[in-house]
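Chain IDs A, B and C follow the sequence of writing; residue 1 opens each chain.
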């Protein structure tokens, strides 16, 4: 699965794409792992209301701000790595009757913390005891 | 699995209930996913000492305090969503010989961050290569 | 899997050891759970550049500092428990063709937050639909 981000910090709702991958797996019961292979992005399950997504990014930048004082040199993105470590690089979601068991307000969110870039996301579906 | 929380912020030890669900699954070897379908609650694995649980809630409220300045309107619970995103909405625990492989001090903790409410928690057990 | 940490705060790259456990499982396709059974350690997937690892520890100590004001008594390590809850005590990584599907810069990192101690880490591999 490919994701093109357009900003330095951005949150993208991946739910439809993950559901499409789940359908292709033909698994009816089990779990679905959504995994980002990058070190300056994150995957979380939460609400996708636009104001909230902005709040989330603002708060992550306030908790772990950019700064010239990190030891990690190179491209000066230590803050993005640490934000990613705090949020986590994967989500695991239960699957039943071929659907993600998301709650009413839950969406699968991809957080770009050092964009814009072309990113990949992996979806792995595992069958449960029922299959 | 249902959980009734009694306070705005509260941590509940779910370990016994999760073990009961594991027994019912009859899986002896694999993994156990504990998943909350809500966007203002979290699931973590840590110690359940009462003083520590209070410290944990105090620290989450200090890191991501309530404020009228969030963009997320509605019920004014942006702080609870962001705390939930930081802590994570699921835990995955290895299973062997029909038991959760928890460490000596580990318990499965449910964090209510915007209660009191009636909440649900899902437990999904997946068999490993040995079954 | 055993890990001997040498400092109070320390990050250890476990990738090679996890890959060795994966080889021993003979699973070619599925997921790999890396799990710490301790309550003052964490497992995250990120880059292992030494400067960044130091930044990560520094930032965790700044966000959740040691303090005599926590209620959790005993050994005065409430900060380490809360840091561990924020970072998470496990990582789940997709497996294909017998290898961890890590991104270019991703490594499996073990964070000691209250060392030095002898620690254990569990690796559980689950086969996917393809096996």
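Methods note: a contact is a pair of C-beta atoms (placed from the backbone, for glycine too) under 8 Å apart; a residue touches a chain by one contact, two chains touch by 3 or more.
Please read all numbers here as calculations on a predicted model, not as lab measurements.
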Assign the assembly's chain-to-chain touch graph to one of these shapes: line, ring, star, complete, other. complete
Once the Cα atoms of chain A and chain B are superposed, what angle does the rotation have, between 0 and 180 degrees and to the nearest 5? 120
Across the interface between the identical copies chain A and chain C, with over half of residue numbers shared counting as same and under half as different, the residues used are different
Here the gap between chain A and chain C, centre to centre from mean Cα coordinates and rounded to Å, is 19
Going by the contact rule already set, what residues in chain B reach two or more other chains? 63, 86, 88, 92, 126
Using the touch definition up top, name the residues of chain A that touch chain B in the complex. 30-31, 44-47, 49-52, 54-56, 59, 63, 86-88, 91-94, 101-106, 126, 128-129
In the complex, go through chain A and note every residue touching chain C. 25-27, 33, 35-39, 63-64, 70-74, 78, 81-82, 84-86, 88-90, 92, 120, 122, 124-127, 131
